[in-house]
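One structure is given below, represented as structure tokens, and several questions about it will come after.
Here the chain labels run A, B, C and D in written order, and each chain numbers its own residues starting at 1.
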């Protein structure tokens, strides 16, 4: 897989801030990409099981989407419009409504809050507080919602929270589904805290959650848990916000990650792959009765990124019928059976399966094994990242459109890496840990 | 200028959130644009004196920049890379250093904080607090720094602050240059507040400022004031942050707006036109000694928007020598003399000149005149917006690259509108207000 | 018991603020008191099972203490001294050390933080944050720590929290012992939240707790739970603060309420009965290694209430040997057996026993029964109050020095009230609720 | 004046917290006091020009007041009553209304918020926020309002603020009268900040102020300034809170310090000398229309300190007619002329007069001179303290009831100390500093 030496990282070391992170794990200079493959400047090839952290569900340089963007540009289509009306936005809105909302019997007003996930979350928290006149938002252990102060306050990761340099307020953290094992129903815990006037937890403006926690370690909320949370929210007139920035756009198998549970959030945050082509775009979907914004009460210079609208609309073609959903399911099954097979190879208790759909992974009892595995993978031309509070999960999240043969090849590399790890006998079973 | 009726706004009214704002003033659906001209879906033509609120300094669909983007896309260049290293980023970093930093004798590490101005400000505030271990940041009356909770706390506008739904802390507001008229030196005020241990204002982590306040009403800080602020910061080991999101990239006449004052901020926030083509991009420039980030302590999915890098690098061609600066100066002079002439036509005291470089405007004693003027202008095919705490300033900020003839045509329309306003005798002089 | 009509409340209704509360339940004007008896202005007699919410552990107008105060006053002893040194304070400090700290093998520096419980809690939170450099303090469901903003933030009661009018930050609420029934170990919950870097709960400066929650409904923490909390604190270098404002000074049977559990808090808050005679006084006991205050960093005008020192020292005579402890135990047993007998009389599941030592009560399944019971008691000359998040607990907390006959008489009145309640068949068993 | 060595401070050094402060300046152990004189345990005599920081306006052990307290105690009067109704409270309320409020044409509901100044301020801030639904409170440079988190947030002193260990929010600091010299009208500054929607300062719930800043350095607000502040508050429906904890009860010459200015605050905070005898007591006076507390929404264990009610009522006898006011005026004049004479003796510009009524002082250009002067005074048997942000003011605040001869003797000692300082030629004129 490796054709040549890696290119030098010198320019980055010299000119870019110390905050850079992924380029420290993937120590090469990438230059080209298509579908699920990437090449570095020395023509080394890589299979991409990371997919821009979920921004590239339709693959790199998806040719159908690219054609639309390039044509639009060459025809002098508006690129940047703040929130003025444009044909590109009009067309996207109409298509999004017809392709996504109507068939799912969902009615939302669409807000463009600035083109990143954290912008969407900030706007969701603002409107929930405005609607209810309340201050607190309930978030969950190991949630990730963004890095600006409002969304960071709802993010569990202590390392990232500490970066704020100020106290983060307005949120209370509750245990996510399964946080205390199978015997503790964490919705009951939340209910008790909300219904006891002496609990110290005020009735919140909103509950914000991811149906699968990606950064948090591929924790999957059950259908029942999601329904119970929704019921609890309805009972207390609390807004339910689903942050579908990473899990939306098909990552878990359906367009919205919450479809399977049959819940109807009051607010949905979308970003990452909604831009279709890796272009910055974000949407905040708001139940019409809660769309009580005053004009310009939240804004952002790039909320009208029209290349994003064009790409986003083009990408919606994948959702015209259910073939894409079936396709994802097939690949997800393939990943799952491979992972199960790999788990069998390893000492009992040393690793377990995490995740769902096209975001699955291996959670190691010895956290550092996850990094070792990803490091081995990169050496062999496979790009994978870790997640979880202890970076203990090695995560697979290829583009949804990955070709079966490439998926197969990637899984093969992964298997080789697991074999090597296992051979080193570095893996420790649960009993021994 | 008007060729036909305006297109229907129905789709937006039906599907888009009530938060939309500019489309309520500019009630048409735009479809194409080039340079400083825009056309709506019914082929009505408009001259653009708004320039994407400062994001389109190089005009719409700048052909030289577009060619680079399209070629890059067609060659399968990486579009989205998180903060992995790419050729496009490497090339941008090198060119930015050579074209912008080195000739100005500036040394900064470049951080990509997520592709919007508010992301840059949030990262600047974080690192300033981390470096100093302090909590408070000094901001100024009528400052605008963004809409996410961290940057909103440093924004003066009460309407936007109220949208937060939570108390905004960690900032203290001080009077901007000239806030109390010519006789009160507002740096002395700030100095006294900082040097009196009983003032209630803690020594701050940073002072953040715009050298010209765009949203705040085109308030221009004097060279002396900026130098005095810098001195005060040095004296107390306070970091100086210049938010050059709107005023940078040539808007005031030089690449950085603070060049003329000869100050060297510790941190500079860039966004809007740094993306060259209206593409989302933001940079936080950090003095190397303060670049003490830990890897990934601040991040964002779209911090690696490679089309932005490509466009940004292409746009830097304008800054290879000083011809662009001279060109801007010529246009700025033309605008100023027109505005001065228009002011002569109006009742004494009813209006005054504001701003600098290619962001100038008319500030009306009767605030609503500014909106009336912009409304008239739009009817006649000229796009202009208001700013200031009372929306009392009608603002001109065309693309820096606007063709002289188009600039002339735009100013002509403006003059016609002023004549009409004056004829209606709605303008009130200062003595009568 | 009732000799005459109740005196008029008119002056209070006319001149005192609407915030007044107990005088709405106990609608008479009290004039005299001694021991555990009170009389109103019309000479109606009452037995006091409330004891100034725990401030009158040694009874009203305790003659031995009174003599010392009066003598001190008549000898021109210093009354008010800020934190200047006085003989009265010197004598109290010496006696407190010899009588209380040394025999219990405890070493604390004594701080006088202002003469109320909330002042003590505020000072404890300040020093814990200063020592650790951390922001968050862990508090527990249904905790009560005071009404000023710092201590209110650690208080669970939503009604009282809402009175702040600002968001209360810097605290995180965790479930108290037994909060989710016998099967959930709430220390494990806390441990998991503290040890998971993604939980959203930062390592706190301190854990603050009451060993028995008085206002919270007479919830008793087990010996094991307290020891486990202490261990967890030691493991993470978290300060352990015991708020013994209400439960200290013998209320639970020992001088400090935590003696039985064998733990050694880093900080102890004392107030209420430490003043001996109902005089305002508060102490913050600080482990010497954490006594890193700078002079005057916390203060208060009445921190040197010398009549309080004189009374406090006199009251310590009760603790010279273990006779008082045995006496309290005897009375506590009498109360418990009466309560158990009363519970037998009521429908199964309608009521349960709460509390410990000389703070015990009846918790009703139908919360309003507790208020009805206390109302009936007042009519018959017994003063009792409710507590708990739903005001569901009728609480007995007589002076520790109550004479056996008076205790007996009070319990008799209580029994009569319970009989009347039961006769009305208003009590509902758990199964029927 | 000195009869013997000073007593040992050992017990305090060993057992009391490092937070102790005044006992470090006044290094002796006091035992007795009467009127304006104190004696230490070795019978050294001191004249008290500190008066418990304003808590002993009626002197130490005032015999008329003492008699009432002792009689009350010996008759088994209620000592501690929470907020139950008592004869002592009823009598105080009636007398306070008749003696103080009615003659001044003031109508307030009286709240007993816990027996210290900071409790009163906390309650005032709570009710102001509740009434207005707003968050921010305007406080002034060098204000002192207390040490619990709510009132500390309104206190300017950076040393004390830093003790909080958390960010203090909900307040904005504005320049007090005269803060920028005579040429800047600081009410205009405040007005501009409040009336500019872009100033970053929200419309506040309240403005809180001291009419003379005691801790802040004896800064006196002018009559005009107070009236203008009141007008500004009325214009914007902002509550005006006067913190009269230290300046009330006659310190400035009238019972309320704001009487001379003719303003009517919405809320008044009283403590310190309201307790008459140095006993802990505090009142919050609330304009009836704003008395919208719910029962018990703010409380405190010692809000019913009945010895305080008895003493407070007895002290009100001083205010039955205007003889006390005239008496204070005479003494204030004597102090002022002595200070003016002393200022003449010192180098021009080295010192200036501060204060008003019975709180006056000398402000030194070289701040340490103030401490030296107070140190010398203590050596010679005169107790005085410094104040001001740099501890630059040597402050005289004797009991209001000080006998003329004792006042004279104290001033004589002061003069001797000033002479000694001047002789050492340590005083530096303004021009030389």
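One rule holds for everything that comes next: a residue touches a chain if its C-beta (ideal position, glycine included) is under 8 Å from a C-beta of that chain, and two chains touch if they have at least 3 such contacts.
Which protein is which chain? UniProt says A, B, C, D = Diaminobutyrate--2-oxoglutarate transaminase.
Please read all numbers here as calculations on a predicted model, not as lab measurements.
Novice: Quick one: which chains contact subunit A and subunit D both?
Specialist: The shared contacts of subunit A and subunit D, listed by label, come to B, C.
Novice: Compare the CA centroid of subunit C with every other chain's and tell me the farthest one.
Specialist: Using the mean of the C-alpha atoms as each chain's centre, the farthest one from subunit C is B.
Novice: Would you mind pulling out the distance in Å between where the CA atoms of subunit C average out and where those of subunit D do?
Specialist: Measuring from centre to centre gives 31 Å for this pair.
Novice: Hey, how far is the Cα centre of subunit B from the one of subunit D, in Å?
Specialist: So the centre of subunit B lies 49 Å away from the centre of subunit D.
Novice: Mark out which residues of subunit B touch at least two other chains, giving numbers and ranges.
Specialist: Within subunit B, residues 135, 159, 162, 166-167, 169-170 contact more than one other chain.
Novice: In the complex formed with subunit A, which residues of subunit C make contact?
Specialist: 135, 139-143, 155-159, 161-162, 167, 169-173, 175, 179-180, 183-184, 188-189, 192-193, 196-203, 216-217, 388-390
Novice: Could you please specify the touching residues of subunit C with respect to subunit B in the complex?
Specialist: Per the stated touch rule, the residues are 166-167.
Novice: What does subunit B use to touch subunit A in their complex?
Specialist: Touching subunit A: residues 9, 11-12, 15-24, 26-34, 38, 41, 52-56, 60-61, 66, 69-70, 73-87, 89-90, 93-94, 96-97, 109-112, 114-119, 122-123, 125-126, 128-130, 135, 146-151, 153, 159-160, 162-166, 169-170, 205, 245, 271-272, 277-280, 284, 286, 291-302, 305, 307 of subunit B.
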